[in-house]
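Alright, structures below, take your time with them.
First chain A sits with chain B, and in the next complex the same chain sits with chain C.
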Partner chain A sequence: MITLGTQGKNTFLADVNKKSGANVLECYQCGKCVGTCPVSQYMDFPPREIMQMIKLGLRNESYMANSHWFCLTCSACSGRCPREIDIPAVMEAVRHLAIEENYINDSTKVKEIRKFHEIFLAMIKRYGRNYELRMMAEFNIRTRNLFKDMHLAPKALLKGKIPLGVKPLKSAKAIKRMYELAEKLEKNK
Partner chain B sequence: MARVGVFVCFCGANIADYVDVPQVVEEVKRIKEVKFATEYKYMCSDPGQGMIRDAIVQNKLTSIVVAACSPRMHEKTFRKALSDAGMNPYLLEVANIREHSSWVHQKDKKAATEKAMDLCRMAVAKSIANEQLHEISVPVTKRALVIGGGIAGIQAALDIADARIPVVLVERSPSIGGKMAQLDETFPTLDCAQCILTPKMVDVASHPYIELIPYSEVIELQGFVGNYKVRIKKKASYVNFKTCTGCGACWQKCPVKVPNEYNMGIDKRKAIYTPFPQAVPNKPVIDAEHCTMLTKGKCGICAKVCDKGSIDYTMQDEIIEREIGAVVVATGYDMWDPKPYEEYGVGRFKDIITSLEFERMVSANGPTNGVPIRPSDGKVPKNVVFIKCVGSRDEAKGIEYCSKICCMYTTKHTILLHHKVHDSHAYVFYMDIRAAGKGYEEFVKKAQVDTGTTYLRGRVSKIYKKGDKLMVRGEDAQLGQVVEVEADMVVLATAVSAPKDNPDLARLLGISYDKYGYLSEAHPKLRPVETAKAGIFLAGCTQAPKDIPETVSQASACAAKVCGLFAGDTMKKDPMVSTINNEYCSGCQNCVKVCPYGAIVTDDVPIGHGSKELRTVAKINEGVCQGCGSCVAICRSMAINLAGFTDPQIINEIVSI
Partner chain C sequence: MKKLTYFPGCSAHGTSEEFDSTLKLVLKTLDVELEDIPDWNCCGATSAHVMTENLAYALPMRNLVLAEKLENTTMGIACASCYQRMKVTKVHMDENPELAQRINTTVVEEGTYKGTVDVKSMLQYFYEDIGVETIRGKVTKSLAGLKVACYYGCLLTRPKNITKFDSPEYPVSMDQICEALGATATEFDYKTECCGASFSISNTEVVLNLSGQILAMAKESGAHAIVVACPLCQSNLDMRQPDIEKQQGVKYDIPVFYITQLMALAFGNPVDQLKFPKHIVPVEGALANIGKIDPVPQKVKKPIKAVEAESEVE
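Up next is the complex of A and B:
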């Protein structure tokens, strides 16, 4: 059950609006985003419900939802939103706030997604680009699921979708420096 | 020998797709009286009418049959075509082969065609017995009566009076203004209701063509369109308005305190009072029910303090009679009493108020000087829950219909709350947000986005008390979860209901009302301001719930109708009225009883030619008769004939099939 009117001002709404640059109050709950979203069926709360939860100031519930982890930020929703709300930005804002405030959704699915993100970012840091074969291998090892999607490998290899080697970008060094600067900024925050 | 012309219309594809029109034409040509028959794609168009005009002249026709759509649609059009060709327009018969055949028998063309032929044969047979008829002229009294002095009545009265037609405006309460005078600001522009209404009220009082009769009620209406006679009961005010200056000494000194109706009983008024400071007329009346001088003969203070000697405890109710030609009924609405909502604790919890009470609280001239307060402890509420559809759309406890204005006034209330109490938060429980109107959806967005009102979709299931707070429980259907809001105050958007006296008024005026008590219009789409009784019109919420812009539009529409009615010195009326053959009339007066319009009276005529002895017969008032035929059907001696539907005509029709 949701209890309203006891906490005073809705700080969660203010936080999300500030971080995302969107105004969640604009949402009038039409649900067009839910119908548009390619992954809404895998979310425990589809985008419309997340918007309503933000409006009602349900901070914990929003953080613990898996929706912002599933969001692909593909922007199909915001492209069709009649009130032109930047929903992916809202999702991202919730994700960031959840991490900042140490709200951990420890379901297997979310854990995997987070690992995927980590590996992907490490890959970019290292090569300046993605190295698909290593990405796959590392992900399968770290999620302890060695043969995941293995049946797709031969076909993908033959079509050249997964190159065996990787050629680091010329700007790889610059990208690495970007990472270091960002990490430094993060530390000083 | 009759010479009949028959014109069969295709109505584009409406008739021609389902009725074999050429076959119908061939068939009617076989009737010996039919001297001319033809078909055309659109008979109502100018070339179509031209065909009729030409055929009348060339073939010396004596009556015309048009087989086309309903006579409700184009009878007048074709009658005019006959007149233009120099023929009496009432020699026209319309065979309705669209609504009565092609539209209802779309699956069977053969049968539809046969039915169309039958209808044509009947119309031809009837038309042979048609007689020349002439429009009836009825004199008109060019003065209008407006019942009710709310915004609807005020607007209608002003518009009619501006056309230099005298108006009698009757208002039941001591001041005009109605419900609108109780409002603070109005949606969707947030104009101050007083600021836009009071100038109109003053205009009414000072208009040379308006006679304002406040504190009065209509008690009797007699006569017929253009010639009504109304009796008005003017309640005793015990104050001589001619000498009273409205100084206010009397109501300042009056010791009797009574709940103030204008402020929904939130504060008290005196037994001698004006309803509100901007009242028109701004003269006090004595509330006879509560004045101790009138009930017990003790007090008399007001008379002592009045310099002008305007107080007269012996004043009696007065009956005023006026002759009028048309009536505009604008009796407004009542707020629905939410008492049946026991699960909300209505009556038990003091901090549950109705929307009109909230309206008075936030009103600048209200009992709390524009600040909403909790009735229980006088504190300013922070969390306020607004519940919509209280009584509306509730078949179990309230009424089936949507009250139309609650969505918008609740939206307005949330904005006003935020204006008056900056750190407050408004929650609205709703089933739908019905914001159809110019600027309305934008207004709702303003509340949701700019004011930050929280809208929760769901009907509140119950309210219970927790400490000094009210816990409002319902579902948030957007999340599919139960939600409870801790509220300082709850405002119920109570339904609009018909004035409880409407049925009595309807009987008095001879018009009809619906199952809710709203007065019925003649046609829901095409005659929305007329009643079934000629010369009586409806404006505002007395017909159905509506907001101020709609009410004002309807009132102006009434004014246009009244002005149209009074445009000439006499009124033209269809001659399809009953006539009585005195020789057959037995004087049983059954017709008097069945006539729904009160058009039949009795008359005394000599028993025989030159005889001095009299006997009673029925007499039709042509001005009132609407040609319904009830009297014809009830008459046992067949003394009554309805022009245009005489016995020979009807018998011809029956014989022809």
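Up next is the complex of A and C:
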């Protein structure tokens, strides 16, 4: 059975609107976002359906969908939306809420996407800058897919396309501190 | 001499080193002096904003605060992803001082955010601050004969309320610059389609599909080459091109230039400074269209030959 929010109030809609700064209620389901979205074919629910799910207060279903993980924030949808809704911000809000409330979509693809972002952020915390080669290596190790993209390695490395090292920041400590403070800020909202 | 605060972005020291070095050649001709932001950090794109809100603002804010300490009030950014994160942060902070204050508590040592520095992509800087006519005036070797598809990607012109530059659907700034260099810009419908961006590593299948469509449309438009101003677009369209060809069973053989490589070429810089050997898809075929040009130096001869043989599609 579908419950519309809690106690007759759609708290999910309120949460998403607050976090995204958009008003999801303005969506009149024209579907232009779906036709525009370059990755809608990979989504469990395309953007239009996610918008409707938010309106119906379907918190769990929206969190567990892979849609917000596949959104590339290319902003093609919001550019064409006749209601000018910031759909990527809505997708981002759903994703951030799902992360905060610990809803984990455990499909392989979403796990890999999430792992990539975690590795990237850990890299920046450590060096202050991106270390591409290490990031790719770590991604392969942690997703147990050692040979992924290995065919690209010889040419990329020989041509100097991907450097072997990274020059860490002088103030790498400031970045570590920023991470800790940002995390604290996230919790104290 | 003009001055410009410069944010190179991480990829300038890695996958897009040729963008960075040819940009510097171009700005030398245009008489612009770059001043690097001292000890700049990664802007967090794309992972920071995917995973968390505060860090996504904090990382760019540190760079903005550092830039405000320099004399110049415009920051030029080479990478399109960095540009977008920096611009989004700037716009949101300027609109919402309360949020700015909150995020500023995470940027401790660098100081207070004031919002005094403007953020521009290098394409925007060329178009608005240098001007197409000035660029035309610096051309010593016309690129006449070369047909290019100008590919902007998602981030240089979108979202329009953030970038406030060119058109989010059918931009023309890069086309006009290429025409000023003597090249012909083709009618290309996929100018602002997404290449798959940060899925390059974590979701390669999507990138092969999306970038494949862009390559197909560029070829169909009659272009000899694609021109970009984004490191991620370049690496997806160039480095992944052999894989796309294998998957689709089509041979595109369409090189992907940075706009600055073509500008530097048209401004008369020697070919061996333009880093063409770094391209995965060979550039010689496309460049042959502009007539007599010094042969492209093959610094690393053996590996390049091996690559060409490997990427051939039966």
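Please note the rule applied: the second predicted complex is superposed on the first by the 168 of 189 C-alpha atoms of A that agree within 3 Å, B and C clash if a C-alpha of one lies under 4 Å from a C-alpha of the other, contacts with A are read in each partner's own complex, and residues count from 1 in each chain.
As a working rule, contacts are C-beta pairs under 8 Å (C-beta built on N, C-alpha and C of every residue); 3 or more make two chains touch, one makes a residue touch a chain.
Please read all numbers here as calculations on a predicted model, not as lab measurements.
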item	value
First, second, both or neither for A:44, with chain B first and chain C second	neither
Touched partner set for A:26, first chain B, second chain C, both or neither	first
Touching partner for A:53 - first (chain B), second (chain C), both, neither	first
Touch count on chain A, higher of chain B and chain C	C
Touching partner for A:113 - first (chain B), second (chain C), both, neither	second
Touching partner for A:75 - first (chain B), second (chain C), both, neither	second
Those residues of chain A which chain B touches in one complex and chain C touches in the other	none
Contact set on chain C toward chain A in their complex	10-11, 13-15, 17, 39, 41-42, 44, 46-55, 58-59, 62, 102-103, 105-110, 154-155, 158-160, 168-169, 192-194, 196-199, 201-204, 206, 210, 235, 239, 243, 277-278, 280, 300, 303-304, 306-307, 310
Chain A to chain B touching residues, read off their complex	1-6, 10, 23, 25-26, 28-29, 48-49, 52-53, 55-56
Sites on chain A touched by chain C in the complex	19, 38-39, 42, 70, 72-76, 78-80, 86, 88, 92, 95-96, 99, 109, 112-113, 115-118, 120-121, 124, 128-130, 132, 135-136, 139, 148-149, 152, 154-156, 158-163, 166-167, 169-171, 174-175, 177-179, 181-183, 185-186
Touch list for chain B against partner chain A, complex	383, 425, 427, 445, 448-449, 452, 454, 457, 476, 478-479, 481-487
